[in-house]
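Structures given as structure tokens follow.
Two complexes are shown next, each including chain A; its partner changes from chain B in the first to chain C in the second.
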Partner chain A sequence: MTILLGQSLVNAILLSGMLALVALGFSIVWGVLKIINLAHGAFIMLGAYVTFTLFNLYHVDPFLTIPISMLALFLLGYLIQAYVINWVIRAPLLVTFLLTFGLDIILINLALFVWKGDVRAVGPAYAGTGLTLFRDPLTSQGIQVPYVRLAAFVISLVLAGLLYLFMSYTKLGRAIQATGQDKDAAQLTGVRVAPTYALTFAIGAALAGAAGSLISVMQPFDPNMGGGYRLRAFIIVVLGGLGSIPGVILGSVLFALVDVLVGISPLAPLKDGVAFAMLVLVLIVRPTGIAGKAFY
Partner chain B sequence: MKIHLLVLLSLWVVASLIAGCATPPAAAPAAQPTAAPAKPCTITFGAAVSLTGATAKEGEYVKNGYNMFIEDINKEGGFKVGSQKCTLVLKIYDDESNADTSAKLIEKLVTEDKVNLLLGPYGTGPVFSASAIAEKYDVPMVEPGGAGMKIFTRGFKNVWGTLPAAPNYLNSAVDMIMAKDPSAKNVALFIENDSFSQEVADGITAYLKQKGLNLVYSEQYPKGTKDVSSLATAAKAKNPDIVLGASHLADAELVVKQAKDIGLNAKAWAFSVGPSTAEFGTALGKDATYILGVTPWTPAMKFQGQDIYGTPQKFADAFKAKYGYVPSYHSASAVATMIAFQKAIEAAGSIEPKAVREQLNKLDVPTFYGQLKFSPEGIIVKPMGVVQWFDDGNMYTIWPKEVAEKDFIYPAPAWDKR
Partner chain C sequence: MSNPKPETQNQKSKMPVTRWDMLLGPRRNIVYVVVCAVALAALLFLPRMSLSGFVLTSLTTALLLAVRAQAWNFIGGYTGYAAFGNVAFYGLGAYGTAILMTKLHWPFLPAMLIGGVVATVYAVIVGLPVLRMRGQYFAIATLGVAEATRELVSSPQLSKLTAGPTGINLPFFRPEGLSGAAAAAVGSRYFYYVAVGLLVFVVLVTWLLTRSKLGYSLVAIREDEDAAKMLGINTTWAKVAAFAMSAFFTGLVGGHYAYWRTFILPEEVFNVRYTLEGILSAVLGGPGTILGPVVGGAIYDAVSTFLTFSKPFGIDLGQFHVTILGLFIVMVIIFLPRGVADFFGRHKFSLGMFLENVRQNRV
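And then the complex of A and B:
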């Protein structure tokens, strides 16, 4: 029993790091551009395929591909925002909704065309190996900490920390924050809104790319993988409160804990349902999210 | 500029809405899909198969099966209908792995394209809805990709399936393990929350009980889940001898990957869908070794058939020459549906639905796919074979014993001892 709970706790902590990375990009795009980017899942999927391609063709270590997939997604995100979404950025929410939904379909089908519908996995030699923290002398079972997940967790935290520093202490980051708070006021103080939006969207896409690269090492995936992550990102952002980096992390920890604990309980088949119930509950009790404040 | 774009966008939305409504379900069943064969006789088959979406890969296997058979049979002049030979034409659409789309396309095939007979889509969901349309218009459909019993328990007269029934999927794997090691008693079962996998799980749960094994852990996970590590953790606490999965390909891979992460060990591993496709080995590499899959057909099986291919090996060779890869059972099953039609039409001497239906119900012919014979509900009567992945990165047929290429390796070593 202790092993079961201990293992679940470890699972939850490691999972929360990865989920935070999944949700971060979604959160800043929503917070600053005020658009719900339905193509976020497709960006994650593209990140996974960048890693898959580099690993398979050139045997690049999956963790070393993270900067590459981030850069690729950064460029793609910048172009998509500057040349597609920017046209409708001031239109009602439904228009950007439709547009990003369309982008999602296009990207998924492009991926189906390029990589086919096969289920892929990235399996470096060290996949599946890990530390055993505590070994029960009777059953010789222990708490496993898989190296891959541990590394993914650390990388997620580092990226979240870098984003936090960037947003709080650099001129560009503060311009992004200002634009998110009030784009007209930001414009009056000399912030160029259009490039700031494009930059924000690009950062969001780059984070999605990093998340995709990490996920590719942990789970089998296909071009349709993104939808589930988009949903998780949405729940986490609402849980934690829109537009705050610590909020996203808090939301991820909560989501991961519920996900893992429900997973070992008899409620396991209702995992997704419980996550949504949690979402509804938070919206009723505290519509700004748990750590949210009227910031953006 | 912005307004301009908005106008365009809304025009596009309106246009696509209109396009969506352009194919409304015809008001009354038009019972005319069987135009009498004209002089240069052709038989038109219609099919909607998943070429994109979640089961795009399986859909492609099915489509390749259909196309290959049509090409090969047309070289011999086609089907013999009465005294003349009729060439075959196939009209195929993409159902996007979506059950509703599948039904819509079948409706279009029958009412607009006026196909004579229907072939099935892939997947229990699409087959379930597509066959309802076939029934509505009274057009026979033989389908290669739906094994759920719920397709066959609605009293329909127009659907036949060439995959063995879902509840029996894992039985042969359990039989084989029991034959090898009667002391393996404790079973953990992972169940995908999907209509097909539920039937597999219900079937095997009853079978385990009947055989006196203990189901020490049995849990469902949502369809399309990304994480089963908590289930693996809970199963590990029960120390199972056998891990079974009522699954599809992606989740079977996920269970194996995360079982290794968590250190869930078992002496035997078997999944309903997944390990019997080549991709399973490509995706998991060495971790696929020792895992068992069930399949109605492999090229190694020894059947002697009265059809254009004759044996599984000959079919596999012809398929590989054409498409460059060894066929999986999906393609073989697709070809089997068309052979079922061929035999029924030749026996009936007609493509009238009523006559074809009668002959399909009576069908009992040996083929490269095994004996083609349907139960009264319309599902093929056929046992499953078992395959196992070996160290050399290939899977081999290991059951039934008569056609085994290799011996069953048992037990599978613990993950950290490999």
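And then the complex of A and C:
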């Protein structure tokens, strides 16, 4: 029993890193551009397919494809924001919602056309290997820590840290924060809003791409994989508090814990329902999330 | 400026509001009624023109889309709460009808009605916490409701009732004595007329809503919820009522679908596509109007059917048709965010209207 709990704890921690990466991109876009990007799941999916293509066609190690998929999604995100979303950004919420939903449909169907609907996976040679902690000398059972998941966790933390440093200590990062806090004041200080929005969206997309690349090695996927991650990203951002990077990380740890524990309980088939109930609870009890209204 | 007579609905409608109003003159209400009556008559006589089953089926689908759009209009258009989870009610209506017809052998129409009631009750239960949230939180919360409902319905715990992920088979529509092709012909007409009935029902209810106190409360909530509260409107109950009405009609459509297709699966009846189509049709045609969603539904269905079945310029669109539909959505959102209602707006129509829309909304 303790092994099961211990394993669940480890699984949750490893999962939380990856979920944090998924949620960070979503959180930045929401916090700065004030739009909920319903195409975020599609970006994650595209990242996964970039890795899949590079691995299968050119035999590039999946972890080495991460910069490539990040770059590809950065460019895609920039173009989408600059030439599509920026045109409706001041419209009411429903309009931007429908727009990103439409983009989501377009991207998923293009992916279906290019890669077909079959379930894919990326399987490098080292996929099943890992550490075994707390090995019981008698039964040789222990807590499994797959290398792939461990690497994904570390990479997610590194990217989150880099993002935090970028946002807090570089001029561009501070410009992005300023635009999120008060667009007009930022303009008065010389920040150009349109390119800043485009940059922010691009960063969000790049993070989603990285997350997708990591997910591609950890589990099978198809063009429709994005929807579940999108919903989870939303829940994590609400849990952790909009506009706070540490909040997102905290939120993802909490969410991962609940997710894994529900997974081993009798409520397992109702996972999404439990996640949703958690969301409703947070929105009713503490709408600003754990980390509160600290702004980006 | 004091006006001794209290402002009544009639007095308000005497002011010409749109260009069409000005064009049609003071008798325009009669014109609108006549147009609606003619359209309704056309719909009712259509099946007698011995159309192919395919055309009738397409028309029925279009009618059902219009009903769903109209249903969304209650919560999204009039109340201003953009609900993205209406497919939950669709699915519940479908499952309610299916269970009543298969386990308790009820006839179709009562089963469909109770399916709608099930969806309504669910809406009231779920709506009370969810309607406390506003704007984007409400939208995603309803999206979550839809996901959670789908999971609930296909979960093993409830599978004794709902047959879980394997779906439910409903009895076939069997008119007395007929079978095979003849039954199918009568069947498509039957379902068509039920769809027409549903459309008339929902439009009528919408029209009544606009003349009722609840209708004004909803518009007040949409315009400024806090002010509405200060005026003494019980916003919670008004919102729940709108949500419940929306759920009822969407549930009815779900029930219709269940018996029409005779087989329902959780992934199918809880597919988010149904919500999206409804919202798009309503937004396209003009949310917050009586006939806007119907018009929007007609346009959207026409475009969708055209893309699916035709071959413009000899190019087979094949699997691109959904992508193009997505592009169509994006274009509409960018250039026509207020929907077709823009064409009926105050100002002279010109291509500049599209550019004006973009200029208003761009960064």
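Annotations for the structure displayed:
Rule of thumb we're sticking to: the second predicted complex is superposed on the first by the 292 of 296 C-alpha atoms of A that agree within 3 Å, B and C clash if a C-alpha of one lies under 4 Å from a C-alpha of the other, contacts with A are read in each partner's own complex, and residues count from 1 in each chain.
In the analysis below, a contact is a pair of C-beta atoms (placed from the backbone, for glycine too) under 8 Å apart; a residue touches a chain by one contact, two chains touch by 3 or more.
Remember, it's a predicted structure, so these values are computed and weren't measured experimentally.
Partners chain B and chain C, brought together by superposition on chain A, clash. In the superposed pair of complexes, A:Y83 makes contact with neither chain B nor chain C. When both complexes are overlaid on chain A, the residue A:V95 reaches chain B and chain C alike. Of the two partner chains, chain B is the only one that A:A121 touches; chain C does not reach it.
Touch criterion met: A:V280 reaches chain C, while chain B stays clear of it. In the superposed pair of complexes, A:F134 makes contact with neither chain B nor chain C. With both structures placed on the common chain, the touch criterion links A:L112 to chain B and to chain C. Once the two complexes are overlaid on the shared chain, A:P269 sits against chain B and chain C alike.
In the superposition on chain A, A:D222 makes contact with chain B only, while chain C stays out of contact range. In the superposed model, A:R149 makes contact with chain B only, not with chain C.
Between chain C and chain B, the overlap after aligning on chain A sits in one stretch of 110-118, 164-172, 200-208 or 344-352, namely 164-172.
Annotation: chain A residues 87-88, 90-91, 95, 98-99, 109, 112, 227, 269, 271-272 touch chain B in one complex and chain C in the other.
Of all residues in chain A, only 36, 84, 86-95, 97-99, 101-103, 105-106, 109-110, 112-113, 193-194, 197, 227, 231, 234-235, 238, 269-273, 275-277, 279-280, 283-284, 287 touch chain C in the complex they form.
Interface of chain A with chain B (complex): residues 1, 3-4, 7-8, 11, 15, 87-88, 90-91, 95, 98-99, 109, 112, 116-121, 123, 127-128, 130, 132, 139, 141-142, 144, 146, 148-149, 215, 218-222, 224-225, 227-229, 232, 259-264, 268-269, 271-272. Within the complex formed with chain A, the chain C residues making contact are 76, 82, 84, 129-130, 132-133, 135-137, 139-141, 143-145, 147-148, 150-152, 154-157, 272, 276, 279-280, 283, 319-320, 322-323, 325-327, 329-330, 333-334, 337, 358, 360-363. Those residues of chain B whose C-beta lies close enough to touch chain A in the complex are 1-2, 5-6, 9, 13, 52-57, 60, 193, 219-222, 224-231, 233-234, 236-237, 239, 249-250, 253-254, 257, 260-263, 279, 282-285, 287, 415.
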